[in-house]
Amino acid sequence: MGNSYAGTGGGSGADDGRPDSGVRKADSFDAAILGVPISKTSISHSAAFRLPDAIRSTFHSFSPYNMNRRLDLSEVLHVVDVGNVQMHLTDLQLCHQRIEDAVKSYWQSHSAPVIVLGGDHSITGAAMLGLTQATERTYGVIHFDAHHDVRNLEDGGRSNGTPFRTLLSSGAVSGKHVIQIGLRDYVNARAYHEYVLQHGVTVVTAREVHHRGLMRVLEEAYRIVSDGTDAVYLSFDMDVLDQSHVPGVPAPGPGGLAIYDVIEALEWLGAKPNIEMMDIVCADPSQDFRDLTTRVAANVVLSFLTGLAMRKQTAVDMG
Amino acid sequence: MGNSYAGTGGGSGADDGRPDSGVRKADSFDAAILGVPISKTSISHSAAFRLPDAIRSTFHSFSPYNMNRRLDLSEVLHVVDVGNVQMHLTDLQLCHQRIEDAVKSYWQSHSAPVIVLGGDHSITGAAMLGLTQATERTYGVIHFDAHHDVRNLEDGGRSNGTPFRTLLSSGAVSGKHVIQIGLRDYVNARAYHEYVLQHGVTVVTAREVHHRGLMRVLEEAYRIVSDGTDAVYLSFDMDVLDQSHVPGVPAPGPGGLAIYDVIEALEWLGAKPNIEMMDIVCADPSQDFRDLTTRVAANVVLSFLTGLAMRKQTAVDMG
Amino acid sequence: MGNSYAGTGGGSGADDGRPDSGVRKADSFDAAILGVPISKTSISHSAAFRLPDAIRSTFHSFSPYNMNRRLDLSEVLHVVDVGNVQMHLTDLQLCHQRIEDAVKSYWQSHSAPVIVLGGDHSITGAAMLGLTQATERTYGVIHFDAHHDVRNLEDGGRSNGTPFRTLLSSGAVSGKHVIQIGLRDYVNARAYHEYVLQHGVTVVTAREVHHRGLMRVLEEAYRIVSDGTDAVYLSFDMDVLDQSHVPGVPAPGPGGLAIYDVIEALEWLGAKPNIEMMDIVCADPSQDFRDLTTRVAANVVLSFLTGLAMRKQTAVDMG
Amino acid sequence: MGNSYAGTGGGSGADDGRPDSGVRKADSFDAAILGVPISKTSISHSAAFRLPDAIRSTFHSFSPYNMNRRLDLSEVLHVVDVGNVQMHLTDLQLCHQRIEDAVKSYWQSHSAPVIVLGGDHSITGAAMLGLTQATERTYGVIHFDAHHDVRNLEDGGRSNGTPFRTLLSSGAVSGKHVIQIGLRDYVNARAYHEYVLQHGVTVVTAREVHHRGLMRVLEEAYRIVSDGTDAVYLSFDMDVLDQSHVPGVPAPGPGGLAIYDVIEALEWLGAKPNIEMMDIVCADPSQDFRDLTTRVAANVVLSFLTGLAMRKQTAVDMG
Amino acid sequence: MGNSYAGTGGGSGADDGRPDSGVRKADSFDAAILGVPISKTSISHSAAFRLPDAIRSTFHSFSPYNMNRRLDLSEVLHVVDVGNVQMHLTDLQLCHQRIEDAVKSYWQSHSAPVIVLGGDHSITGAAMLGLTQATERTYGVIHFDAHHDVRNLEDGGRSNGTPFRTLLSSGAVSGKHVIQIGLRDYVNARAYHEYVLQHGVTVVTAREVHHRGLMRVLEEAYRIVSDGTDAVYLSFDMDVLDQSHVPGVPAPGPGGLAIYDVIEALEWLGAKPNIEMMDIVCADPSQDFRDLTTRVAANVVLSFLTGLAMRKQTAVDMG
Amino acid sequence: MGNSYAGTGGGSGADDGRPDSGVRKADSFDAAILGVPISKTSISHSAAFRLPDAIRSTFHSFSPYNMNRRLDLSEVLHVVDVGNVQMHLTDLQLCHQRIEDAVKSYWQSHSAPVIVLGGDHSITGAAMLGLTQATERTYGVIHFDAHHDVRNLEDGGRSNGTPFRTLLSSGAVSGKHVIQIGLRDYVNARAYHEYVLQHGVTVVTAREVHHRGLMRVLEEAYRIVSDGTDAVYLSFDMDVLDQSHVPGVPAPGPGGLAIYDVIEALEWLGAKPNIEMMDIVCADPSQDFRDLTTRVAANVVLSFLTGLAMRKQTAVDMG
């Protein structure tokens, strides 16, 4: 696919740690892709920092054509790849600051949706802080994950176990605008479950998704995150999928979501007009089997992009 | 999880081959875990002897909290881990005798349900012989497996292919109280199918499970095994699951049961008051990919334990 | 299984590149198995040439007994294994000619259905050319695949990306008699989709299969390929299945068909009286995990054989 | 190589557990190959039972031609492969009895050297017992190993850790006729070292081999085992080699012997007129990388066979 | 081996990041083992943080007996394992400070040699800073490595590429007391070579070791580091060995040192009275094959311990 | 390393199958690198076609600095990478013709030495035919290999088993100017050994190298290939090395050459003024472990380049 998009290439960022953008007017492209290659902030050993480039590399063997929608993304969308936020080798706090700065800087001059390729889940905290500081808007959050990710920040600082603690405790987002989908038994402590409930977060377990169907859950989710907010952030942790689909996530487990449902869900979400930012995190190409997990990640992103293309076409039709 | 249970630890058994229990009154705990690390009795090369410790080790990275039931197992259940039956290096008949003795000894002084972590399926024959000798009760059997496991005993002695031959031919259980669930095409000889049918065993193929749904099958199964019996034994061969869920079983195959259904099924079964013993067998950690199969095994056991917790709460509520 | 069939063994073919048949009258057996160990014609690096012998070897650990149909294939069917077409080490055009010749030669003196074990998908072009030349009949084609396989022939000659270009452009088959099932988004260029539509091919994407169900799709498919044709060719590319089921295909991808559905589908198709030839292609044993993909391939073939056995029994019943 | 020898094939043995020989007069062949596929008697998990067939299979991709000696083994030697001793699935004592019986039976009617393909090292005890019972001769033993293999027999019966305890304590061989070569630090308890020294065994550590050179060690070894004995038994445990050469042995370790030296050593030993029997043990094809360890095993056997061919030619020259 | 030492166990350190010692008088033990599980400071992705526990675990399958010296380490030496320095999840500067503090604290109250199990090479900088601050002595350094490890500290902070830059530029050690052994072509920039030469460091390439022999190099090395110093620090980077011996190091390469030579060298060095501290770094158990590299690491440590035992015996003999 | 050379980049060749050169005057660079990504011509399954780009990619993590010679290749040599000869997907004869044409075309306008990165050994036949046609000179050949590579051309055309048959039978080179070094027992048929001897080829087995030392063998080799020839071609098959050094070659075997010796040998050969062309073949990155074999290949090429740099300096010194 690669070249069929009018991207700026996947080159590494500039020396100040911000992506090499020189990005101009918001109207010159339809979406931006931003790589955030960090995973030293993970609780378990992870090379998720390789995911951004692994997804890009997978794109090259893919076609931009969605048969079901008869939509060639390269014809409809102008997507710019603004490169990777440059990480510091040993100062991880600085890494988070650079992510926050990069996202903030982007949103100070742009309005096109951003797809963040992680990296581990610690990036969501930094990204949303940058986003909210830049736009000063109220955000709803749809969070696909097997885990709550609300560990305390005292013991180990900002890790992939803490992003929603960061966001809920700082007030950057309100729990009533947050829905977590796909949580699994035996991988979350009771204290974390109670913490999010106390903050008003809506929790939909993987079991409920199995019983009710993902699309029905999403319709409810979308209502919750859109009601009383200016826009929506979508955070996708790959381990929400059943481990048979994502052998390369650091924390695989059985009983998770089914891949086909997720692909349709992401397309549906991509088409929603108020989703401004999406991230995809926590897959480790070095522990994968034959890139199966990276292929899933690439499909998730492509499905969201197809949704964006549908969003654009709808806008044009209505214009 | 590990420490949150009040277990006696996973230490290896005493010199006489029996688990180091010193287990006391039946009322001091809710369930016992017994490891049986044997797989030299397997027809194909297997390191299933590593499964008991692999499951225990996996427990350490799990939480005891079931979100859907809002039930923290460590608060509700007192589970003791009575360790492993010590195996002899080269005398496999002695190994089976020790399993039989250990189970018999347990049931002579206890009444709390036992979860046996195999090992290969040969242990079920020895375990049920010990159980029936100790209790002198009539048992129904729910047997999840892709295979009938009724090979003759003449050619190679008691192996993982023979447990139900051992039990049916010895009269320890009656075929009319046995249901086998999940059998697959092309992995069972016609002669074995006919053998179990002649003994009155109920057979539900994987195909039937796909068509009717596992929960509906289970309701029928439960009726069959409970009707005219004093209690029920549950034997779970991991290869009943589709190979995409259990890459590490010695005999993987396509078309098997789906993992999510099985997780719910085990919880449902665990809550039944008359299931006294459960075993889980035939997964080989040394042939697995990223412990995916061991993770499934741990979830199966945790689901059954959640059922036990529900059983206990129901009993308390009714008390 | 192996010996339970009255096959002629899996020995390599004779020096002229044709299988060592000396096959006699059409009525002396019910089906023939022909290995075509070629994959140097693949676009990506592939050892699919090992699939024929890998499937045969897998058969040895399987039973010929289908429990659901209570049908022992070795009692009902007489299947001959006519060996492998001998490949030339470096002259790939000659390899295709030998495949074409072998199939043509078979059909000049036989009428029993043939199951071709590939190899990569380039063999379908050669096989159908040999078939149509020998029989001079009109064929419908059911093509399971994630891909259209209609790349141009100019750039790299006949590869696994071209068989349906070969067949449609040569007029060997008419697009209106062809149905492609299981195509996936982001792996087919728009130009190829349009090419097959212009030729009147019916296209059913994997998404449509997910929504409508495979059996309903197949009923339609069967009508299309049987209407106005003398017989039907069935081509099965293993990558039509979701990658969680076939980790060893050269081009895995998420969102594909489910294994259990496919097993039932092949049995249903095998029972149809007008399907004369089937091939199975594009699985690479050298990139597999624990032969999981080869096991699927063997189950696909066994399901089709079970269908053949049902077909024969129906014929006998009606005779 | 395979067919170039006039072997009887690698078929599994007859029902009584003895190889299918029907072997005739001693003068009709120059050497016999006997497979002993047992490894359930191993202390650590091992699939060394696969080694006999793995070596045979490797032979097929080898040439029988030794360039340095300009000697084509298939022209000089008539080697019969008498198949595998059939193992019982669960009665390991019976397995050892069958090995003992098979070797005893062979030597009651034959005189050509035997090469035993293990299996684990427990076979050496059984083989030498059979040998000495049949011939009633006094044997010297050259034992290549990183380990003494004199564990006690009480704790676990006859395992791969015990063969030389079996032989020394039974008096089947005298310690003064035994030399152990290649022992490594940190893998043998002091008690075992002292045990063998008390029995008069000569011990040459891997360090001494590194300092003195293997050929010089061998000359001394040969003197020790030939002095006062009727013949010599050679036992080769693959783990005597440095782990960089044998990644697939169950007990790899650094600091072992170098492969090239060993190849020359085996050729030199094969040419000695009084070596009647050789075994090769303790490599596990299932834990190997690209069959590197099996290739080494095959080269060790071929080197010994080259020595046998040289021995024969010398005999002819002198005749 | 494990229990035969009178260690305090491999438990993780206390909350303040220092090992749980409660270590007493210097005369109560002969050596201390300190784990430093850090590798997020590595330039390439590394799980060397797993090495300390991997080495300890390997010890359990080893014997403490050195045959060549007829020396049972568990009889001669009292070694305490003071556990691991506790690492912070995301603050890597704090990790280095904790290492420095732990080593400093140890040397303020002890005099027995310390063996540090890394971790990556960044620990050497911290460890030597702690050491020199505590003792205020002058140290010589023997540094086995394929690399100079003198990258600048500005770009990425203290990483595994910088320890000798840290030490040389801070003046903690003087270049004239440092010898680097085993450096390889094509993995060091000219600038780094010149940097160490300008600081007076002695450089012995792998080529020179191949030509002159390791023992002769060591005799020279020992003279250099002992001349004008109070004591010696030994730093052992596993990648100094040829990649055929250490497949699990993060930076493998051909042409390195031979394993047997290294084993003897470490024993020789361990026996020297003035070596106070040793570290072993940069092997990644997660990228290893069958723990071959961890086994080498364990042998390196055991060889050094054997040297310590010889040192003690010499002292006793001379006392 | 990569960019430090003034190469033209590793881009794929132009449409006519020739490398994208536009190469100018012979004096503008010191050596050319030409990739030949072909391995469908291999007898066993091989992805050696990936070796050229794998070596290039490895170069990027290497330094151009040879410590022992204190020589930075990027300062001394101007090396151009003329890209890869473009291969046809299915016409392998055409591939060989393109290689021949590319080499011929190069030598018609250039004189700087060429390093050919294979690919399998079939390329040597094509390359030398192109070379001799262009220069019409007489060549000596130094051939490192475990195999003679003189299979007949009738059975399978030009494969990796035939290059020296092609060259000797065509008269392109005379056997008396050819030396084969490193041949191993049991992997060459007697007929091939005799064939090369009859053609006057000098054969030095791996055993002879072990006994005499590689440098002494090389001095003789150099005399043989230089005597009566205009120039020398050096062909390096990676499987000449012992399998412990090259786990990723298609045909590994024990008893081969040692890596350190080979590295020095290649440097020595690179410095000889009359070696005009070198190739390196038969390593398969897809079957390697952690790129160990590719790293060896890169070191072999770098050693030869260091020799070239020494050659250039000598020429300058003498100029």
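Chains here go by letter, A, B, C, D, E and F, matching the order in which they are written, and residues are numbered from 1 within each.
Assume a residue touches a chain if its C-beta (ideal position, glycine included) is under 8 Å from a C-beta of that chain, and two chains touch if they have at least 3 such contacts.
Since the structure is predicted, the reported quantities are computational estimates derived from the model, not experimental observations.
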Repeat of the A-B interface, chosen from B-D, B-C or C-F (over half of contact pairs identical by residue number): B-C
Pair joined by more contacting C-beta pairs (D-E or C-F): D-E
Gap in Å, rounded to a whole number, between the CA centres of chain C and chain A: 40
Intercentroid distance (Cα basis), chain E paired with chain A, Å: 42
Whole-Å gap between the CA centroids of chain C and chain E: 60
Multi-chain contact residues (two or more partners), chain E: 244, 289
All chain pairs that touch each other: A-B, A-C, A-E, B-C, B-D, C-F, D-E, D-F, E-F
Interfacial residue positions of chain D with respect to chain F in the complex: 1, 62-68, 70, 72, 244-245, 259-260, 263-264, 289-290, 292, 295-296, 298-299, 302-303, 306
Residues of chain A that touch chain B when the two form their complex: 183-190, 193, 203, 205-208, 210, 242-244, 247, 252-255, 287, 289
Chain C - residues contacting chain F, complex: 40-41, 43, 45, 47, 49-50, 88-93, 155-159, 286
